[in-house]
Amino acid sequence: MRVLKAILAAVVLTASLAPGLASAKQYVIGFSQLGFDHPWRVAMNNQIAAEVKKYPEFKLIITNGQNDNSKQVADVENLLQQKVDLLIISPNEAAPLTAVVKKVYDAGIPVIVLDRGVLGDAYTMFIGGDNKLIGEKAGEFVAKWCGDQKRSPCNVFEITGLSGSPPAQDRASGFREGLVKNASAKVISSVTSEWQKEKALPAAAAVFQAHKDIDVVYGHNDDSAEGAYIAARNAGLDLKKMLFLGIDGLPDPTGSIVSVMQGRLGASFVYPTGGAEGVDWAYKILVKGEKPPKKVVLGTDEIYPSNAKEKCAKYECKMN
Amino acid sequence: MTSPSIAVPVAAPARKRGRLLEKALRFQGYLGLVIVLVIGAVFSPTKDGVNLFLDLTNQMNVLRYVAETGIIAVGMTMVILIGEIDLSVGSLLALVATLTAHLLARAGYSTAPTILLALLVGAAVGCTNGVIVAGLRIPSFVTTLAMMTFARGLVRVVFGGLAIPLLPHSLGGTAADSAFFFAGKVSFIPVPALVMLVMAVITGLLLRFTPFGRHVYAVGGNAVASRLSGVRVELTRVAVFTACGVLTALAALIHGIQLNQGAPNDGITYELNAIAAVVIGGTALQGGIGSIAGSIAGAWMLGLIDNSLNLNNINSDVQLLVKGALIVAAVSLQRLQRRS
Amino acid sequence: MSATEHPAVPEALLMMRGITKRFPGVLALDGVDFEVRSAEVHAMMGENGAGKSTLVKILSGVYHLDRGEIRLAGQLAQIGDPRAAQRQGIAIIHQELNQVPELRAFENFFLGREKRTRLGSVDERTMRQETTEWLGRLGLELDPNRPLRELRVAERQLLEIAKGMSLQARIMVMDEPTTALNAEEVAQLFQVVDRLRQSGMGIVYISHRIDEIFRIADRVTVLRDGRLVGTKPISEINRDSLIKMMVGRELRDLYPTSKRQPGRAVLEVQDLSVASMPGRRELHGASLSVRAGEIVGLGGLLGSGRTELLEAVFAVPARKRVRGTIRIDGHEVQLSSPRQAIRAGISFVTEDRKGQSLVLVRSVGENASLAALHRFALGPLLRLRKEAQEVQGMVRDLRIKTPSLETPAASLSGGNQQKVALAKFLLLDTRVLLLDEPTQGIDVGAKAEIYALIDGLAQRGVAVLLASSDMPELLALCDRIYVMCEGRVSGEVQRQAATQERILDFATRFTHLPQFHGERPQMARSQP
C-alpha cells in the first residue's frame, strides 16, 4: 500500500513538472492598439495574433485604446502592471504617449513602436511604412497609365484621408511628386472622406456631378476608392474608361486584393501593418537576444490585375 | 344649464386674421432649408448653362445619400417627441447591416426573409430599449448609451471585426439581385429616397391622424397629465422605441445594399446626424412639439450643405466651420420665427 | 424717503391715456386710461385676461404700447425696457419674485448694482448696513446675511418692497401680493403699504380679493376684455357693484341654488387605506359615499389627506399600496390605473392643473379630447371632424375663452385652463366626478361659471366629490361635507347643520393645536 502511494506520488509529481520541463520559457507580449474600428487596424491585430501563433513561447495580450490618448496611456500602464516581457505599441498620437512608453522602456522592457511614432528615442525599435514613398509610387503609376491611355489632359480626383493626419498629408504630397512625371496629369479635385467608405459615396457623387471628365480616382485608402467606384456606377459613368486606385492592400473579403481580382480597383498599394514583422523581431529580441536596428522601414507591394491572383495566395486573402 | 351669459371672446374678423398668420408661421420653420437651397444655388458652379447644384441629378443624389439619416431621423423624431433620446441607432445600424450582408451574401438567404429578419432584429433591440426605459425607469440617455456599446460589441463578437462584402450576382457577387432594388431607381427617383419619403408620410399620418399619435405628443408634453387622462404611458414609450429600432433596421438594410458591404464599424456618429436633423427640423428636445416633415427637412438641409461644399471643392477643415455656422444660423432663424 | 405729509392737491404721478396694445389674433388693451396719484393706493381689478398684466407690462417696459401716451409727473415718458422703468421711478413687485434663492438677502437687495470699495472689490459691509436700514424703514428686522431661500415669502416680499424704495421708486405695482401670506403677514403688509402711502408713493394694487381691496385701497379701476370699465373711489362703491363692474352683469348668486334630488349611491368607499409615500399623507381606513346627483364636499386642513383620498379613488398610487374597497353602482371595482378608473366612469380634475391636468404645449383642442380619444376613433384612425365638432361644442357650452382650438393651452388664463381640464372629462360618460380645489386662483366670474357647471352636472345625475379649502364654497355648494383629519375621515356634516366651526372642529379632532392668539390655523383662503 505504501509503495503504491509512493509510486502514485512520483507519477503525479513528474506529470506536473513535465509541461514545465518540456517547454521553454513563456513570454507575454503586450500589444497596445490605438483603436479597433478601422479594417486596417483590425488587419494589424489579426496579423499579430496569427504570427504569435507561430511561436509557442509567446502569449499575447491586446488592448483597445478606443482612439483616445488617455485610454491608451491607461492601457500601457495596465500592461506594465502585468509585467509583460515586451511591449508592442501603435500609438494614437506621438506626444501624449511618449512619457508612458519611456516609462516602460526605462523599466527594462523592450518596446517596439508600430506604424505611428513617439517623440524622442526611448524605445527599442520603430517599424513602419513610408507613406510618402507609397504615394509617390501611386503617382508614378497614374502618370504612366495616363501616358499609356493617351489621356491629355488626364484629370485626377483625389479622395483624402482625415485632413491634417500625417498619413494623409504624406500620401498627398508623395502622390503629387510621382504625378509630375506626366505633365498632362493633374489633380483637379480633392475632397475628404475621412478614410470612410460611407463618406466617400456622397462626396464622390458631388464631384462627379461637378466634373464630368474624371479619368482617375485616387483614394488615400482602398475603402474611399471603392466608395467612389459605387458613386461612379450610380452616376452611370463609363467605368471601363476610368482608373480607380487606393492604398492599404488588405486581404480580407472587402479588401483591395479581391477588388482588383474582381475588376473594380485598377491598382492598390499595400500599406503594411508591420504586425508580423513586429512579432518576428520580438522573437529575435527576447529569445535570440539580438539587438535590432532602431528603425525598420517596410516596403510596399503593388497589386495589379496581372498579379492579383498571386498576391492573393501570398497574403492568404479570403474571397468572402 | 342656468349659466349667465358672458361677452363673446375675440371679435370674428380678428380671429380669421390670426389663423392666417398662424399658418404662415408654421411654414417658416422650413426657412432654414430655403436659405440653404438659395445659398447653394448662388454659389454653385455652372456648366453649359446648367446650375449644377439645382440640377435634378444632383438633388436626387443628395436625397439618395441623406435617406439613411432621414429614415433614422423619422424614428428619432418620435423618440424625442416623447422626451427621450436614442443613442444606440448607429450601433444598431452596424449590427443589422452586417447581419444583412451575412444573410444575403454568405448564408444565401433570399431578399424577403432577409428583410423580415433585419426588421425583427431592429424591433427586438428597440423594444429592449423601450422596456428598460419604461419598465425599469432608467433614463433613456443611459439605457441607449449602454445599448450602443453592447450592440457594437455584439456585432464584433458575432461577425468578427471584418466587413462582409455584399454584391449581387450581376456584379459578380453571391447575393440575390432582387435585394439591390433598394440601391436602384424608380424612374428618376432613387429608391432609398423613396423609402424615406414613404416612411415619413406613414409616420407623419400616424402622428396626426391616430390616437397613438396624440398619445406620443401628450406623453412628451406632460407624462403625468397623460397618465391621469388615461393614456398608457409605458406602452407608448415601448412602442416608440420599437418603431425607432425598426426604422433604423430599414436604414441599415439600405446602407448595406448601397455600400456593398456590412461592416461592424459602420454607422459611427449616425445617431448624432439623426439627432441634428431632428433638432434642426424644429422638434424640441424636451418633447411635445415637433413634426416628421421638419426632421426630413433638417436631414435634407444637412445633405445640401455637404453637397454644396463638395461641389465647390472646399477644403474639409473649412467645411466643418461652414457647416457648423450654417446649422446654428438656420436653427436660430427658426427659433426667432417661433418666438414672434 | 422720509415720511412727509402729502400736499392738499394730490398730484398725478402717473397718467396713462388711450393705451392700446395688440398681439397676433388678440386685442389685449383698447384705449385704456389709468392714473395714479401721489399718496394713494389704487387697486386694479378684472377677470383673468382683462388686460391687467398687459397694462403693467407696458408700464414696466416689458411691452411697448401700440397707441397712447404715458406721462410721469406731467412729462411725456418713454419706457423702453425694464431698466428705463426702474430709472424713472417705477418698481414692480411681481407675484413670482425676481430673486435668486441661493444668494443672501443683501446680495439680492443689491442685485445688479453691487457697491464697490475704492479698491474695486465688493463692499459687503456697506451693502449689509444699507439693507438693514431700508428694511428698518418698513419696520422689518431681518438679518441681511440669511440666504433668501430660508426666508418666508412674506419676508422676501418686504425685501423686494424695500429694494423698490431704495431705488427711489415713486410708483410701486404690487401683483397679487397676498396669495402666499397668512392673516398675520397680510396685516403686516398692509401696515407697510400704509407707510408707503403716507410717504407720498403711488401704489398700484392688483388683486382678486375683494375684501382686501376694501381694506386697503383708495380708488379702484376695473378692466374688462381689454377696456376700461370705470375708476371709482372706494367710498362710492360696494361689493356687489364692484363685482358687477368686473363681470358685466348682476352676479346675484355666486353659488347656484338649485334643488337636486339625490338618487342611489354611485361611489362607495370603504376602509380605504394607502401606505405612506414621500411627500404624501397616508390614509387610514377612509369611508364615504356619494349618491347620484349629490355634491359632496371634502374638507380639512392643509395636508389632511383630501388629495390623497381622491387620488386613491382614481387609482393613481400603485395598487400594492392601496387597501380597501371601492364600489361603483354597487359593484366592487379593482382599479390599477387611472385609465381603468376612467373606463369605470370616474373622472378626476386635479389641483395642479398646469402640472397634472394639462399638456401646456399642446393645443386647447388636443387637451380637451385627450381622455376621450377612443370615442373619436374609427379603427386605428381618428375622426377629426367629429372630434372638432364635439370639442367646439364643449368650448361653447363651457364658455372657454380661446382664440381658436389650436391655441396652446399655456396661453389661456387660469380660469379657462381649468375649464379645459373639466371639458376633458365632460366629453366622457362620467358617473363620478372628483374635483380637487377646482376654483383655486380663478376670478369671480369664472368661479360662478364653474359652480354652475358643477351644479348642472349634478342635476344630470353625476356624483360629485369636491375637495376644497374654500369654506364658503363648501358650505354653499355641498349637500354633505366629509371632513378629514390626519388621513382619516373624522366626521360628516349635513347641509343644514354645516358651519365653519363644526368643520374646523372635525378638522382638528385628532390633532393637539396650541392657541394662536385667536387666529385660526391655515385652512381657509381669504374670501374672494
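The chains carry the letters A, B and C, assigned in the order they are written, with residues numbered from 1 in each.
Please note the rule applied: a contact is a pair of C-beta atoms (placed from the backbone, for glycine too) under 8 Å apart; a residue touches a chain by one contact, two chains touch by 3 or more.
All of these numbers come straight from a predicted model, not from anything done at the bench.
Taking the mean of each chain's C-alpha atoms, the chain whose centre lies closest to the overall C-alpha mean is B.
Compared with chain B, the chain whose C-alpha mean position is the greatest distance off is C. One inter-chain figure worth recording: chain A and chain B are separated by 35 Å, centre to centre, where each centre is the mean of the chain's CA atoms.
Mean C-alpha position of chain A lies 71 Å from that of chain C. Centre-to-centre spacing of chain B and chain C amounts to 43 Å, using the average Cα coordinate of each chain. Only residues 1-7, 9-11, 14-15, 17-19, 21-22, 209-212, 214-215, 217-218, 221-222, 224-232, 284, 288-289 of chain B touch chain C when the two sit together in their complex. Interface of chain C with chain B (complex): residues 24-27, 225, 248-249, 251, 256, 258, 314, 316, 337-339, 342-343, 348, 350, 355-362, 366, 369-371, 373-374, 376-377, 380-382, 384, 397, 399, 401-404, 406, 424, 445, 448-449, 452-453, 456.
Put simply, chain A touches chain B in their complex at residues 36-39, 42, 45-46, 160, 163-164, 189-192, 194, 197-198, 201-203, 205-207, 209-210, 212, 226-227, 230, 234-235, 252-254, 258, 262-263, 320. Interface of chain B with chain A (complex): residues 45, 47, 52, 55, 57-58, 61-62, 64-65, 105-106, 156, 161-165, 172-174, 183, 255, 258-261, 263, 265-268, 303, 306-307, 310-311, 313, 315-317, 319.
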